[in-house]
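Here the structure comes first, spelled out in structure tokens, and everything after it is commentary.
Chain naming follows the written order as A, B, C and D, and within any one chain the residues start at number 1.
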Amino acid sequence: MDKKLKLEIYRKMLLSRRLEERIAELIKAGQAGGFMHPGVGQEALQVAAIAALRPDDYLLYAHRGVAYWVARGIPIEKILCDLAGKEGGTNHGKGGVMRVVYPQLGVLGESGTLGGCFPIAAGAGLSIRVKGEDKVVLCFFGDGTSNRGTFHEALNLCAVRKLPVVFLCENNGWAVSTPTEKSTAVKDIAMRAAGYNVPGKTVDGNDPEAVYDAVKEAVDRARQGNGPSLLEGKTYRLWGHWVGDPEDYRSREEVEKHWRSDPLPRFEEKLAGEKILTEKIKAEFEAEAMATIDRAVEFSRSQPHPKPESALDDVFA
Amino acid sequence: MDKKLKLEIYRKMLLSRRLEERIAELIKAGQAGGFMHPGVGQEALQVAAIAALRPDDYLLYAHRGVAYWVARGIPIEKILCDLAGKEGGTNHGKGGVMRVVYPQLGVLGESGTLGGCFPIAAGAGLSIRVKGEDKVVLCFFGDGTSNRGTFHEALNLCAVRKLPVVFLCENNGWAVSTPTEKSTAVKDIAMRAAGYNVPGKTVDGNDPEAVYDAVKEAVDRARQGNGPSLLEGKTYRLWGHWVGDPEDYRSREEVEKHWRSDPLPRFEEKLAGEKILTEKIKAEFEAEAMATIDRAVEFSRSQPHPKPESALDDVFA
Amino acid sequence: MRKITYAEAIREALIEEMRRDPSVILYGEDVANFGGIFRVSAGLKDMFGDERVFDSPISENALVGGGVGAALTGLRPVVELQFADFLFTAGDEVVLKAGMWRYGHGGAYAIPLVVRCPSGATGVGPEHGQCPEAFFMHAPGLKIVSPSNPADAKGLLKSAIRDNNPVLYFEHKLLYATRGEVPEGEDVLVPLGKAAIAREGDDLTLVAISAMVPKALKAAKRLAAEGHSVEVIDPRSLVPFDRETIIESVKKTGKIVVAEESYKTLGVGAEIGAMLMEQALEYLDRPLRRVAIPDVPIPTAAVLEAFVLPNEEKIYQACRELLA
Amino acid sequence: MRKITYAEAIREALIEEMRRDPSVILYGEDVANFGGIFRVSAGLKDMFGDERVFDSPISENALVGGGVGAALTGLRPVVELQFADFLFTAGDEVVLKAGMWRYGHGGAYAIPLVVRCPSGATGVGPEHGQCPEAFFMHAPGLKIVSPSNPADAKGLLKSAIRDNNPVLYFEHKLLYATRGEVPEGEDVLVPLGKAAIAREGDDLTLVAISAMVPKALKAAKRLAAEGHSVEVIDPRSLVPFDRETIIESVKKTGKIVVAEESYKTLGVGAEIGAMLMEQALEYLDRPLRRVAIPDVPIPTAAVLEAFVLPNEEKIYQACRELLA
């Protein structure tokens, strides 16, 4: 990973973190008008993985946080408009922030039912294959979601038809209040690759370089026509399942332990050690993030709500 | 496996074979009134596996053939009545021969949608566990069916809760007209066990002893509270998918090759070699099979059709 | 009489039935450790142990199908889906397994299964806010209940658990916090298949389902102030469906409005309309009015959601129109 | 005009549309190697290659959901389910993905997907013999067609493939072998949303769906011999639904019978009844009659199946009753 890419990943991780902090404030103050599953702690995995894509590749993100969209380059103000159900977002209030969509960058949207993404990803892979393109599909999902039947059906279909799809599990140790080991029979989700005869690899999801390398390898493989892969990044959900989650199902110690491997300061220190990130750049990134977010909040506040009767639009094309 | 058990397995394999031959005749002559997926060639797997169960265990058979029922001891005449949709069967014309049911021997029935059996099996396992019983569930399924999402969900659920369920795949190389390798990403279905951290084992499904030993081991393990297993017997569908299948999708050579490992003569020779099966016993078994089948056909012919208005019964308990 | 919330009433029913019958179990995503994402089952794991109350993987097919398998073999499972919408995720298990296993096997088994389905639009969009009762009312072999108040929530859930058939139990999320009088006593049941007359009246029959009942009652009150006597009927159970009570009412009033949070086309109101056209045509003196979602998915933004959802005002207007 | 079978008509439509548009693909279980278990797609793999026509695993969720994903990204997939009943197996993918992806994402994408669903009772029991149109007619975002003859089968399938929305295309198994005139020409379409008047008449409106149309026509003929003029309407497409044609007919006849192979409660007849009660109450001079399956699963044995299925005689009797 070159210096420029490292800095870019760091910048997007930071922007995502700051954006989620602001969104949490807005939600707590009753000013956001929306609902959000925060991704704090998982930004390294999300940003670094998406850095391995080409602009014309397809992305199916998961339900956790904003970093996917920040990484892909969707304007922040659009995200905030979607959160608030305002015009000026990507879905005109129809789907909220859980359904950010951006066809220009291959962002296909999100399934409200977990695991709904897997067949969609396979289908996008099918398209690529039939059209003879060299695009790739990246499909994120949680550890808990790996227990949906659609995971199995889609992995198998992609494997038998060698479709260019990279499945990337964000294993953050929890599904709402249920720890992974109580719901999931394998320690590493990537072990499930054996059921489909595809490469499976588990990496430290809080290490952007490890993530980038693994995803890049899988993406290249898919692009060359060699079929799907199943990757897993180990990470941790530092915040609650949603903003406001009482979190009475897990211990403070456990959470605090994981704050010590928060990927943001960790990457910061690493880049500082490598003399890539200076205090000056850091300060600039922080200032830029704040300014971007402020502007976006302003924009979203100034945007109108969709016209009520527009609720009847968009059912059919 | 002791001598008595070997003979018993042989007897039931033979009876099943003769019964299917008769059913095929009846169907071709338009005299059966029903629809059937023949199991010719798979009797070793079906009969030997079921021999490893206790009478109070639960059974979810698959859609292929009669040997499951013969093995479990369901009276032949009931099977024929179900085939013909007559009274005197097990489901009073409601479900046909695809839904033979026998609560007395834990035979739970069949799902018309393939893979519907997996969650049902898990649920029966849950019952056993909650009630603190030491029963076991045996769930048969085809190679093609292993690609249903329910397979994944049920295996995982059984594994995390250590439910006493043995999943047994009859890998016969085909799903209707689709060869296993075209639909299924792994060579051995048992490799999928890795995705659930449970024992997985592939055996020669045409060798009743190998099947019995593997199933017995898995059943014992389940009975002792050590959870589920995934087994696979390699076998071959010697006849078409249904009686009347044109079979224009596979070569005669392939089929003929597999007739040479037909488990019935193979086991016959083995038992003859071991001096367990004499010509006399064999003749007795043949005669007994024919007599039983003749009686059963007679019985089924003599049975009335269900009363038309009984179609309205049994929706609710 | 003491007042408790709808959520508390559900919880009480669960506790009483689990105490009464060791074959009742409860499972679903986050029901044990967390007490359910709506906290309806808080504390039950501690009361009944983690064999009878447990968290499951995110595997709706296995949850519902597992419930069928457990019911076939002697348990009375109560399965919680996090959102009623996930019934579609388990479509085969709900419609073909729960609904048809008994029939297809000639009555050899009963399936005493309850699936708890939190329903209703709350700003969470098309896949977490539906009231999908009408889809399943078309499916043979399933019983369906949709309580509108705490007393019915408790009494119907207890009946559902004791029933020997699969029951889809729809608990409306916006009702969880509503309070109402709930009689004590472990054998106070509300029978499946008996509508309630929530308010008597002579001029118009207003059938309202689930969270529409309180809104219908408010509309009826407004109309009363204007001199119109509206009879509000709460079917409570959609299968079995108490057709008699509605038909009798319409024979008296000659007018009918149906208010529901279903999509309009083939919502419950369609069956009511057709049934009346079959059995009470000569008594109908005004057209049917259906207050329902206008055949669009449920949008997320509040202004859009409000536009498509039925509410007190829309119910009031529909009644006014017929009473004019 | 040349006569071909319903199955041949479907096959022709597939061939013509695949020739016309390289983004049309066909997949499903056994559609390629075998040409489909009903052999409707025989030979297509050889014509279009195994990238565009292929056999899939037994994975209904992945098939339908994959179709949505492929449609989102520029293909026009035609997915064959072996039996219409398997729509439930892919419940989430059909109702929430195909039906709502576009809406939930504010219209960002179109979903030009066709799901071919062989329907109808043929002695194969509760899970292989349903006509489940009415379930999906309640679901927003899905178009639904049910052709009753070869010409419509071809023309509607071509329209469905060219449509930019998800279409559930129900092909009744008992119609596959029926023959009828089918015009030639690759641009002969039958529009979605336009009912056909299969026979004109003045005394009674008989709406019949799919395989019920030929039976309704026979019943109408018998009634004609007795001096009754029955108008037979074939809606052909259930979403969009040509309400106008039915309402106009009833305004003329004052009487309506609906014949369908759905379960009666909340079958298509329920919507027709409710719609008429809303929009044509003053024209109705006789009660509604619905000829449908009496809310039981479909039994396997011939005598039982015949008892629950609608047929010519039951249709005839229902009409007679109203004409008396």
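Here, a contact is a pair of C-beta atoms (placed from the backbone, for glycine too) under 8 Å apart; a residue touches a chain by one contact, two chains touch by 3 or more.
All of these numbers come straight from a predicted model, not from anything done at the bench.
Visitor: A-C or B-C: which has the larger count of contacting C-beta pairs?
Guide: B-C
Visitor: Let me check something: if the centre of a chain is the mean of its CA atoms, which chain is farthest from chain D?
Guide: The most remote chain is A.
Visitor: What's the distance between the Cα centroids of chain B and chain D, rounded to whole Å?
Guide: Those two chain centres are 36 Å apart.
Visitor: Averaging over Cα atoms per chain, report the distance between chain A and chain D in Å.
Guide: Centre-to-centre distance between chain A and chain D: 40 Å.
Visitor: Listing for chain B: what residues touch at least two other chains?
Guide: 93-95, 99, 111-113, 147-150, 153, 156, 160, 182-184, 315
Visitor: Going by the touch rule set out above, which residues of chain C reach two or more other chains?
Guide: Only 56-57, 59, 61-62, 85-86, 88-89, 92, 96, 103-104, 125-127, 140-141, 295-297, 299-300 qualify.
Visitor: For the protein chains shown, what form does their contact graph take: line, ring, star, complete or other?
Guide: complete
Visitor: So in the complex, which bits of chain C are touching chain B?
Guide: For this pair, the touching residues of chain C are 23, 25, 51-52, 54, 56-57, 59, 61-75, 77, 92-93, 96-97, 101-112, 140-141, 143, 164-165.
Visitor: If we count contacts the way the header does, which residues on chain A are in touch with chain B in the complex?
Guide: Residues 147-153, 155-156, 159-160, 182-187, 191-192, 194-198.
Visitor: Can you list the residues on chain A that touch chain D in the complex?
Guide: Within the complex, chain A touches chain D at residues 58, 89-95, 99, 101-103, 108-109, 111-113, 116, 118-131, 149-150, 153-154, 156-157, 160-161, 313-317.
Visitor: Once bound in the complex, which stretches of chain D touch chain C?
Guide: Touch residues, chain D against chain C: 85-92, 94-96, 99-100, 103-104, 125-127, 134-135, 137-141, 239, 241, 262-263, 265-279, 281, 284, 286-290, 295-297, 299-300.
Visitor: Looking at the complex, which residues from chain A come into contact with chain C?
Guide: Residue positions touching the partner: 33-35, 85-86, 93-96, 98-99, 111-115, 144-145, 147-149, 175-178, 182-184, 248-249, 305-306, 308-312, 315.
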